[in-house]
Each structure stands twice: as structure tokens, then as C-alpha cells.
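Each of the next two complexes has subunit A plus one other chain: subunit B in the first, subunit C in the second.
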Partner chain A sequence: MSQVAVDVPKGGFSFDLCRRNDMLAKKGVQQPSYRKTGTTIVGLIFQDGVILGADTRATEGPIVCDKNCEKIHYMAPNIYCCGAGTAADTEAVTDMVSSQLQLHRYHTGRESRVVTALTLLKKHLFNYQGHVSAALVLGGVDVTGPHLHTIYPHGSTDTLPFATMGSGSLAAMAMFESKYKEGMTRDEGIKLVTEAICSGIFNDLGSGSNVDVCVITKGHKEYLRNHLVPTPRTYVSAEGYKFTKKTEVLFTKITPLTEKVVVLEGGDAMEE
Partner chain B sequence: MESTQSKPGPLCNPEGSQRTLYPYVTGTSVVALKYKDGILMAADMGGSYGSTLRYKSVERMKPIGKHSLLGASGEISDFQELLRYLDELVLYDNMWDDGNSLGPKEVHNYLTRVMYNRRNKFNPLWNSLVLGGVKNGQKYLGMVSMIGVNFEDNHVATGFGNHLARPILRDEWHENLTFEEAVKLLEKCMRVLLYRDRSAVNKLQIAKITEEGVTISQPYSLKTFWGFSAFENPTLGAEGSW
Partner chain C sequence: MASSDMDHNAPHSMGTTIIGVTYDGGVVLGADSRTSTGVYVANRASDKITQLTDNVYVCRSGSAADSQVVSDYVRYFLHQHTIQLGQPATVKVCANLVRLLSYGNKNMLETGLIVGGWDKYEGGKIYGIPLGGTLLELPFAIGGSGSSYLYGFFDQAWKEGMTKDEAEQLVVKAVSLAIARDGASGGVVRTVVINSEGVTRNYYPGDKLPLWHEELEPQNSLLDILNTASPEPMNI
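Moving on, here comes the complex of A and B:
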């Protein structure tokens, strides 16, 4: 009895074209660059919960391709995630885990926990052995309290009181290491997060534009989009741009176009 | 693929070269700033041999002549060689016996020329140097890298200090810092470097140079804090995870 060999679709990445890509690169063909979010993302735990912060610049090699992108992604009503690395990877992976969390919420009838999101993300990233280039700062408040985690592209995680990721992480970490203390109030926390992101914006070339902040407390969240605009666009004229006078309408004439199709009323009936 | 070249010369063959290829015993960052009365410079006392912390009492800051202070990060042997060059320079300057002495600007210029010329011969002195001094009331703080890039600024940092200390200095430095404020600011930078630079040691010296002269402090350690609740109990609420 002959068995039909069913081609089981293999998941994951296919590396078949790698040799050919290498050969082309040697010949001088320029590979398309990834849209990276060369970034500063931070998170810290304050007395009532978690504050996440991010800059808003997305780069494609040396060019800024999006001046005001959103790097703080929604995971659950009480959990948000900042993403650094390849923009497509961070968006896709956070979207996917967000849907998985939603299904899990329907299944269990309970509020999602931060460790659930953490485990789903790290499982996926480890599975892809670092090829999914997403470095994440995950924060949220659930029944067990406030949590803040960092997740690296290869799938390792850390639990921290304050965390930074991205190309501007050293500049932001310098701010955190010198000024962080336990049990800060909401305003102190937002001020420190803003300072850390501004440090990344001004001292790192991969980060820039504005500061986004997200404050998560028990039962409540606040997404402050463009909380601070430290590099606003300044116009040459103090009054802003003045558009020239509208064109004057002198004369109006409307000519309907003739119809192309001539409809015959009472033509031959359709054949049965 | 056949090579059409004849036997490659010493420039193309790294293994047979007599030039500096990589550093062996290295010092980590140096941070310095201008304050009201002069220059303050801080450096830790570690000399790493690759990933081992081999030497823990290396003095990486030395006075030069009457008016300057030199701090170096990078290869320690190249720093010692530079000190010998500078010794000779200061000796010849003293031999003129004309009442004039080399100021920090002049020493900085000499170091720039030396570093750039060595780099042009593909045999660099693998250091990032910080030179500070006061002469006739004029404060001077400059930096030279191993490829000869030099500049003068109100605050400088080498190595990891570029990424970790510069943002803090840019934010908090201002003209006419008092001695206490300047020491606090430098210690803040050195503490962040201690936490986040793997080759840093908790044994540092702070050097001060004013019109009166150079003082290099005794080695001391910074206080660190590890008592955050997330560090003490990272798996709170999630037993079995990490």
C-alpha cells in the first residue's frame, strides 16, 4: 500500500535563499535595510504602579522614516509593552500576544497577568532564536501587584525596578541610576521617565522627536501621547504660515457629459 | 582564485607586523570637568587583562610639569611610554631655565601631534587621553583620542563614560561649580559607571588641579545601593518564574 507523503508545512523561517543573498551581496547588490526603531524605551515602578516611556523616532538606516511613531503597544487593559529593534517584529509580536491574551481572558474570565504576557512573548522569541529582533519593556499592574520586565530578542527576561532598552538605553540608564528611588509619587515618576527619555533624545542619534508616557495603576491607565515635545518645529515667521489669497471665481458654467451607453427600452426579452 | 600579487609586505600581513594591533592591559573610563577654581578629574584604579581584573592599583592620572594633569584610558603600557615622552619634554623645557613653563594648551598640542603621527604610521598609542590644567588663571580641559581627534570642552569623558557620564554632565554641569558640587557630580558619574561598566572597580581617585598645583586624593570607594524590592524578591506574585 503506497502511502501518500503529505507535505507538512514547516513553521518558522526558511533559510534557503541565504547563500544566494550572500553571493549577491559579494557582487555589490545593496540589501534593503530594515526599518529599525533605534530607540530609547524605559519603564519604572513607582508607589502605585508602573510608568512606561518611549521616544517617537523610527529610522531606516540613516534616514528618519517616521517622526512620530507609537512605540508603546497595547497588550491588555492593564498591560502595555514598549518595543525596540525592528519595527515590524515588535508590532507583530505584541499584536500576536495581545490577541492570545484576549482569548485567554475569554477562556478564564479573569484579568490578564503580566507574567502570562511575559511567558508568551519569551516562548515566541526563544523559538525564533533571536531572528525576531524585538527587545521589549513589558509593564503592567495585575492582582499580584505592579510588575516590570525586560525581554531580549533571544528570549531571556529580567524583572527589574527600572529598565531601559534600545540604542539610547545607556543615556537613559545614566539618568535612572543616578536619580531612581523606591516609592516615588506619580509626578516624580513621570518627571524621571521624561528626563530619561529626553537624555536619550538629546544624546543618542537613533532617538528623537517626542516623549510618550503611559501610567498604569490598579484598575486605571493613562496613555499620555506626546506628553512632551522638546524639539518643536519653529516657523520662520512668528505668525506661522500665511496662505495666499484664494483664486477669485469669475464665471461658472456646467456642461453635462453625454452618456456613452444608450439604453433601449422594450428591447428583446432575455432567453429563458 | 589565484592572487596576482607577490608576497604581501608587512602592512598586509597582520601576524608578522611589529605594530600595535590590539590592547592588552587596559584602563576604563576617565571623567573630568571644569569647576570654579580649576579642573577635577576622576578615574578608577583598575587595569584589566582582557576579561580578568588583573591590577587593582593602577594610577591612571599623573601630573605633568607644574600646570597640567594627564589622565588616560586604554593600554597602560602606552600610557607609561607617553609619560616618558612627556618627562623628556618637561626636562628640556626646564633646561631653558627662562622662567617659562609649559602650560596645558602646549602639552595638549604636543600630545595631539604624537598621537596623530603614530596613527599615520599604523602604529597607534592605544589611549584616550584627558588633559586638564590651569595657567595664569586660565582653565583648560581637552581630550585626545588614539587616532588623533582632539578638542577642548567644559567636561569630557572617555570610554564608557562617553555613553553613561556625558548625558549626566550635559544635564547638570554649569559654570562656577563649587568644589563640593563638582565632587558630587563626578561621584554621581563614577557610581553609574561602577554599576554599568563591567571593567570598572570600586576604588577610585579624584585629582584636582588649580593655580596652586595638583592634588591627587588617596584611593577610596563609593557607596552602592542594592536594596530595591524587585532585586530582593523578583518573583513576587509569580512563584517559580525568574
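Moving on, here comes the complex of A and C:
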């Protein structure tokens, strides 16, 4: 056997594929797109607490990859967080902070506070200098009252009575700026949140499908999944898709394949 | 869709006008309230004057994330320092802690800060800490993108030994002038007055500010503007 000279890798991460990707990019080959939540997410404070709202479309470049995804993530029994940006980043960062909050609850024996979640999220995002592409609307009610915050990918936060994020945020903010008032009732608040999300769904290409709403009050929360379906699938037939004309059979011809079985006479007996 | 996503990944920066002025007996800090992400106003009512200790506040400008993180760290260090010292921290210590963080991380941070407060040893003091981490003790300091329009104004209008009301009116006038000319500043004017008696926060909404050259009166609707007679013929 001839000796084949092979470079044995010395261990550690192999950057060969990175070089390949660079070479392909130079030749004009596009990188595959990753899943983003184009998104309209909103939050507002009403008289009894906080209402969060989100659309349900997830996109991969120009394609809708999930028509009914959940963008309102659980953080604590009294705190929920809407996420816009790269779907993997928003899921991962909210799951991570949700676990950290639960450990903190065990450690302190108290209900989690919204500012705790806020600080954990902003520390993490600042440490990654904006590369964790998660833009969040964090809302909840704790012992100090109702709170609503926005968190940007670079780690800065704002505290607001009403907030919108995502590609549809301009459309939703237009609705809020014209109709928001302090001390709204639950029904008024849900109506305004729904209007704002619908404004994003209809006017922004990155948002669509249904409206999810989450109402958080002192000691109680309601997750209204698909609270509104403004773009129903009206073309679906109950019988399923039927071909209008049957494919006709003109004639049938069966050609059996010739058998190629060779039977050995005698031969060696099997040995054990 | 893609371009508005890029805007949200644009660093959240505070276009900003921030001012700190000493007067006879204390300091007045002032700021606008606009936080922008690219060309979108992300928060039109933000509070850029953050508390560090009971008697020292800081005005933040530049990157919102960087300035929030720096002021959070300094507040934490000052809390420990106050416990160890057994009395309120001096303004000089607060300013130096900010400077140590700004200068030590100058390659990573993009934030200009104005630290102002009152302590029993030196009275009212203002310290400017611009981008590189220099520490400057000044009778008045201005910062942010809107400050470019105020250098000449302050050279003419600031004087030693003003009263509290004079100083506050000067700050409000200056911020509203900068808001009139700088696109990245806007919203409301917030002021914080710090002296031996304590801290007073004030708030001047947009419609209470004086109007400057060619600015319109606040209207309820654009139709009102069309209906009112034009004030005077335009000069060519």
C-alpha cells in the first residue's frame, strides 16, 4: 500500500469552511437567509396593568416560514416579553433570562420584579455589543406596580407608557400616538393594541397573520393566543383539493422482467 | 422591510443637547428628551438626567446603551463608596469614577457625560467628560449634537454669580434654542436643580417653550395653519 501523505488536523476548530464561505461570497454566492421575525410588537399600560400584543409572522428573507409563531414569550408568572429581530436570538435570550429569574425566585423566595428581568436582559445584550439581534418589549406587574420597557439590541432601555418595536413599529406607533390615553379600561386597551397590531399587519410586509394579546394585571394574566384572525384563509375547500378532470387510462401493457436467477448444482456445503 | 429592520439594529443614540451650569449656591442640569434610532425617534420623552447619588446627577449623551451602562456602574460603585466613607460622596469623586470608566474603555465606548451636583466641601460643581475620557472642571458645560449651536450663545449669555432662577431660565432658553436648530434634539426640556436644600426636577413641555425665528405656534391641526391669515409677506 502506498503511503498517502495526509495532514492530520491538530485539534480545535477548523476554519476551512469559513474560508470557503469567504471565497463563495467573493464569487457572488449569497449566504442562506436566517429566520427573522419581521414583526410588529407593542405594549401599553392601562389602569389595571399591562397589555402586550404581537403579530404571528416569521420570515426567512422574502419567504414566510411560520404563519403562526408565538412572539410573546413567558418570563415569569407576572412578566411576559415580546421579541423582534432574529427569532433564534429572541427565543434564546428570553428562555435564558426566564431560567435565571426562576433561580432567583427560589433564592429570594419572592415574586420576580420587572426591573430584574430588564437588568438581566440589558447586561446580556450589552455584553454582545448588538450582535445578539433581539429587540424586546418587556412588560409585567409586580409589587411595585405595572412596568413597560423596551430593550434594544445594543443594550439600551427605555421606560414608556406605550411602546412599539419591530419593522411594523412605525405603523403601530401612529395608532398609539393618535389614540392612547392614560387610565384606559381593559377592553379599550385590548382594542387599541389590536388596532395597532392590525396596522402593522396590513401596512408592513414583514408582519402579518394573526394578533396575539397578553393581559397582565396584579395576580392574574391572560394569554389570548390568536385573539384576532384578520386574514383568514378563505380559499380552503372542505373536501380538500380535487383535480377537476380525471386522468384517463388509455391502454395497459405489462412487461414482466426476465428472471435472472442462477441455481448452482452441488457446490460447497456450508461449513461452520 | 429590510431597511426598517436595519434601523432597529442601528445603535440607539441620543442626538441630544445637554447642559450643566453652576450658579451661586448650586448647579442646574438641563437636557432635551429625544432618543433616535437612525432617523426614527424611538423615545420622544426620555430622561437623560440620571441620578448617581442623592446629591449628584449626570447628563448622558451619545450611545444610549453605553451611557446607561456607565452610569449604572458608577451608581453601583458610589453606593459602595458612600457606605465605606460614611457620608455623601463628593461631586469630584463621582466625576472621577465616570472619567476612569470613560478613559479606560475609550476604544469601546461612545458617550459624552456632564456630571453635576452639590457637596458641603466645594458647593455646586460641574464636570464635563467628553468622548475620550478627559475630565474638565468647568463653570458651565455643554454636550451632545445640539451643543454646536450653543457655544456662541453661552460665551455671550453666561455670567458669574447668577441666581437659581436666572440659571434655570438660561438653561431652558439654551436647550430650546438647540432644539430649534438641531434635528437630533427635541421633545421636552427637563431640568434638575441641585443645591444645599436638595434636588428639584422640572419639566417644560414643547408648547411652553419660547418660539424662535420662523417657528410656528403649536397647532391642533394643519388645517388651522391654512385658515389663519399669513403674518407678513415674505422678504425676498
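Please note the rule applied: the second predicted complex is superposed on the first by the 211 of 272 C-alpha atoms of A that agree within 3 Å, B and C clash if a C-alpha of one lies under 4 Å from a C-alpha of the other, contacts with A are read in each partner's own complex, and residues count from 1 in each chain.
Please note the rule applied: a residue touches a chain if its C-beta (ideal position, glycine included) is under 8 Å from a C-beta of that chain, and two chains touch if they have at least 3 such contacts.
These numbers were taken from a predicted model, which means no experiment stands behind them.
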Touching A:F126, do we find subunit B (first), subunit C (second), both, or neither? second
With both complexes overlaid on chain A, does A:L170 touch subunit B (first), subunit C (second), both or neither? both
Looking at the overlay, does A:V115 come into contact with subunit B only (first), subunit C only (second), both, or neither? first
Return first, second, both or neither, reflecting whether A:H154 touches subunit B, subunit C, both chains, or no partner chain. second
Pick one for A:A135: touches subunit B only (first), subunit C only (second), both, or neither. second
Output check: A:G38 vs subunit B and subunit C. Expected answer is one of first, second, both, neither. What do you get? second
In the overlay, answer first, second, both or neither for which of subunit B and subunit C A:S199 touches. first
Return first, second, both or neither, reflecting whether A:T247 touches subunit B, subunit C, both chains, or no partner chain. neither
In the overlaid three-chain picture, which partner chain does A:T255 touch, first (subunit B) or second (subunit C), both, or neither? neither
Residues on subunit A in contact with subunit B in one complex and with subunit C in the other? 157, 160, 170
Per the touch rule above, subunit B residues touching subunit A in the complex are 163-168, 170-171, 188-189, 191-192, 195-196, 228-231, 234-238, 241-242
Could you pull out which subunit C residues touch subunit A in their complex? 1, 4-5, 8-9, 11-12, 35, 37, 40, 42-43, 45-46, 63-65, 68-69
Considering the complex alone, what residue numbers of subunit A touch subunit C? 36, 38, 59, 84-85, 122, 125-126, 130, 133, 135, 150, 152-158, 160, 165-167, 169-170, 204-206
Over in the complex, which subunit A residues touch subunit B? Could you list them? 45, 113, 115, 118-119, 142, 144-145, 147-148, 157, 159-161, 170-171, 173-175, 177-178, 182, 195, 199, 202-203
